[in-house]
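Worksheet: one structure, shown below.
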Amino acid sequence: MEIEQEIQPLLTEGSVANYIPALAKVEPHQFAMTLTLFDGTTYSVGCSETKFSIQSISKVFSFTKSLSLYGKKIYERVGKEPSGNAFNSLVQLEYENGIPRNPFINAGAIAVTDSLYSYYKNEDDTFNHILQFIKDTSNNFELDYNDEVWKSEYECGYRNISLANLMKSFDNFENEIDPVIKTYFKQCSIEMNTFELSRAMLFLANHGVDPITQKRFVTQSQAKRINAIMLTCGHYDASGEFAFHVGLPGKSGVGGGIVAIVPDVMSISVFSPGLNSWGNSLVGTKALELFTTKTSHSIF
Amino acid sequence: MEIEQEIQPLLTEGSVANYIPALAKVEPHQFAMTLTLFDGTTYSVGCSETKFSIQSISKVFSFTKSLSLYGKKIYERVGKEPSGNAFNSLVQLEYENGIPRNPFINAGAIAVTDSLYSYYKNEDDTFNHILQFIKDTSNNFELDYNDEVWKSEYECGYRNISLANLMKSFDNFENEIDPVIKTYFKQCSIEMNTFELSRAMLFLANHGVDPITQKRFVTQSQAKRINAIMLTCGHYDASGEFAFHVGLPGKSGVGGGIVAIVPDVMSISVFSPGLNSWGNSLVGTKALELFTTKTSHSIF
Amino acid sequence: MEIEQEIQPLLTEGSVANYIPALAKVEPHQFAMTLTLFDGTTYSVGCSETKFSIQSISKVFSFTKSLSLYGKKIYERVGKEPSGNAFNSLVQLEYENGIPRNPFINAGAIAVTDSLYSYYKNEDDTFNHILQFIKDTSNNFELDYNDEVWKSEYECGYRNISLANLMKSFDNFENEIDPVIKTYFKQCSIEMNTFELSRAMLFLANHGVDPITQKRFVTQSQAKRINAIMLTCGHYDASGEFAFHVGLPGKSGVGGGIVAIVPDVMSISVFSPGLNSWGNSLVGTKALELFTTKTSHSIF
Amino acid sequence: MEIEQEIQPLLTEGSVANYIPALAKVEPHQFAMTLTLFDGTTYSVGCSETKFSIQSISKVFSFTKSLSLYGKKIYERVGKEPSGNAFNSLVQLEYENGIPRNPFINAGAIAVTDSLYSYYKNEDDTFNHILQFIKDTSNNFELDYNDEVWKSEYECGYRNISLANLMKSFDNFENEIDPVIKTYFKQCSIEMNTFELSRAMLFLANHGVDPITQKRFVTQSQAKRINAIMLTCGHYDASGEFAFHVGLPGKSGVGGGIVAIVPDVMSISVFSPGLNSWGNSLVGTKALELFTTKTSHSIF
């Protein structure tokens, strides 16, 4: 595949996330990419069997789950607009009275996990339902999380705990903070490969229904909303950059994974742990850009 | 047309922009919508001959012009990311050292007009080239601006002048402030109807080339960039909302106009002067939402 | 005493702190005032035997203790300038990389308590040394804290916990957060009456030496620093107001107490639980103003 | 005089204000200090005849004049609390709806000059009344301003113009911006020596009355207020530092001058153009510190 060749020189340029000790050990020069079509056909290059931490990509799953449970009520707790601030900023959260701008910045994702905790009532059940949801969407029941990774993040997760406490001071947090934060870090440590991730997001390319199993996960309108938020807020402070270069709704994680959807056609996942200065996979972004350029699959 | 009927009850809900005296006098219950296809076919409903102030929609034209003149160098002066703050906020501009977040917030658009002024050297030439560019893209050489409207805005334009001076204090403003600000307000006061506006934006639906005259205005990559910025930043603090409800790259103005493009297919313009709480045409947004829902033309 | 009569009509105007349940129950129409001279003479009016939560006044004692242990090194962790923001704002703390503006806003006081915890190594010892220091300065060994009050504050102390976590994320927090926060709330719940409080602060009116026992608590320079910070930062966002109306270095607490010092002459404490809109004792501030006006003891 | 000797080694350490071209040319290693007592006795060392730009010290005179004309009504337009932000920040001004924190940050001083302009109706009369007021307080009718200096500042005064426009957008600016800004820069360019400055501020050490001429300029309460604001806000973001080191109400200017008052005793002015990192005279601050230490004239 041409893309794999073109990205080779870039594999040495990014740097792995070093603020999470367990992630800092990942071998940086890896690359994988998988396309999954509506009929189940997949095309993969690179190490598409290698598992990695999905990290912030998990925010798409937890938000989808919460949206399916609460519907529009969830917007009382989290907004739908781009933030224009760093992913973990407290400033905007304070000025906007504890309501995070969108579910893909950390504060928003933590509020979403808190909403799921309110539904399932305890740490294990909440996490298991999130994991089960990802298993369901990926039609793969072997998935698991990484105990070392989430504990490593939890141990230095002071800023996320600060965000949770600030929301709680504004009455936008319903449960004990500690178990919710643990659940949040656990969901971030779930490990998948590009094969599984592209499979799991296919329902968002098909208006909420898995095109292979015909199982509906969210309504058509909810799927549209999730895609719109991925497009405008999916890549922290480089969301506009991603919209331009790739032009597809997508979500990245500091583990080096990115998932993107081509509406009505397919789902794509890439993995390469070297990150650019915005915290998104450097090679992954480039690979997706080459893909949309070569195939004219951009939404623009 | 169904859409026209469905939006009737909403015509009394919005309120016209009242901070600009000359705009506060506009009759609020108007509606128009025009579609322009690549072969020149147009479909219109409502008062599609009625001219209105294009206001912030002019930012798309001035940015396009500047991008065609300066290429990527323009990004040294204005960013490409959503702002997450009010369209006229000084806070982010101060924290980010005088570089506006994107060309569609006021500070960014003023910086763009300043860049054009640096090129054309005086107020009349700068404004005339902006106007000429809009005439060229709309293939309509009768367009003009409204003297009463721009003077009305200029007289109460203190916040925009404050933004310009703040940028100048950060060395991100190259000319005398007063003539640039006048040029900026003049471009906002240009009057068009939905027929003309949809025609003028057609090149952005066709990768930078007017599909009727085959005239190229910007490169394919530049057109993609403009569309990406319209999608993520085109509607102030309701850009995410617009991406969801309408799902098309677009730009609104407080005069009640909105223009949106369906990539590879058509350009659409709507007009209805009643605004929602974010300053976007209430009925116009709804009409575009109905259009994309009924025709499945959303990019998602 | 004239002051007592003049403040009578004001006793119904303030309102007790209602964000701390245990404090909301205090009878609001109380008043007490005590002056302590260098020879030990005291003058009291009102309920000068009634104990109240010293709350933020405790910040003066903990900062004094920390300054005596660490000297200028403490300024690496906490500044000395007025904040111009609400007493519990996270915004400035984030913009200034986790270094609180001064030791009398909450973040600063928590950092100070953390510094004491680093010295004494555990919760009990740290708290006991703070309490012992207050006993020493007041020459009164019966003082204690209120278990109900500190637990009540701890249970809704999310914003303070948020501040602590934010500082920790900036490496400006050295210990486990929970025991430090508990120690902080305990010190705030220490109960004293105006007689005891005015006695305890006498050393700050005498360049660091208790004029009665001749015991030195801090150096002359440190005492000057503490007084300067009390004058510029002692009353949250009404420090300028207090400097004008009272014109003495002082510190207030939401429990309704205020302590102020007349350099080289005396220490004064007032108590009245009704607070003004800035969170300072309404009648207490007025009583001090009347005192300085009648006696010309203002520093201006 | 001992102080003069002790500060000699420091004369090479500061750096003159370089953002104002006309000030950047001042010879940096100068020093002067003058004390003026209530009976008119003066003590001077150094170049006490050398004139310098009083710059921000002029804010004390304009505020005093405005307070004498408007009384408490002026506080509807400008606050009385420390700002905790840089002297020319727009952020706080935007968050606090165009009301500057105090009359000694730039925005506040510009609002004060605007209030005087509203009273005197034109540029010449407004400036002349400010100058006359300084002549009256200094009992010296030869004072003048420096045409080169104010024009130099005016030419790069974008941030101040930005502040003025922002206030105007919040309806906290009553006149044309340009003539008010010119008046403001002219008042900053007034030239005085330490002999004249210490004489001019004597009324603030004597409750509003010049102790030599017995002329009253403001009420006792107003004088107390001015002194309180000088103490808490007189030195930008180093006001707490100055309160500690010097412990007197004072005001500095980037021209290298500082004036301070010892209530009931004297007025002091120092001059040395080398500035420390906060924009205050490095040697001047040190000289005042030595003075208060040696004479125990600190208010603490």
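Every chain is named by a letter (A, B, C and D) in the order it is written, and numbering of its residues begins at 1.
We adopt the following convention: a residue touches a chain if its C-beta (ideal position, glycine included) is under 8 Å from a C-beta of that chain, and two chains touch if they have at least 3 such contacts.
Computed from a prediction, not measured in an experiment: that's the story for all the values here.
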Most remote chain w.r.t. Chain C, using mean C-alpha positions, is B
Whole-Å distance, C-alpha centre of chain A to that of chain C, is 47
Cα centroid separation, chain A vs chain D, in Å, comes to 55
Taking each chain's centre as the mean of its CA atoms, chain C sits from chain D at a distance in Å of 32
In chain A, the residues touching two or more other chains are none
Each pair of chains that touches is included here, namely A-B, A-C, B-D, C-D
Listed in rising order, the residues of chain D that touch chain B in the complex are 89-91, 94-95, 158-159, 161-166, 168-169, 173, 177
In the complex, the residues of chain A that touch chain B are 79-85, 92, 101-102, 223-225, 227-229, 231-233, 237-241, 243-244, 247, 249, 263, 298-300
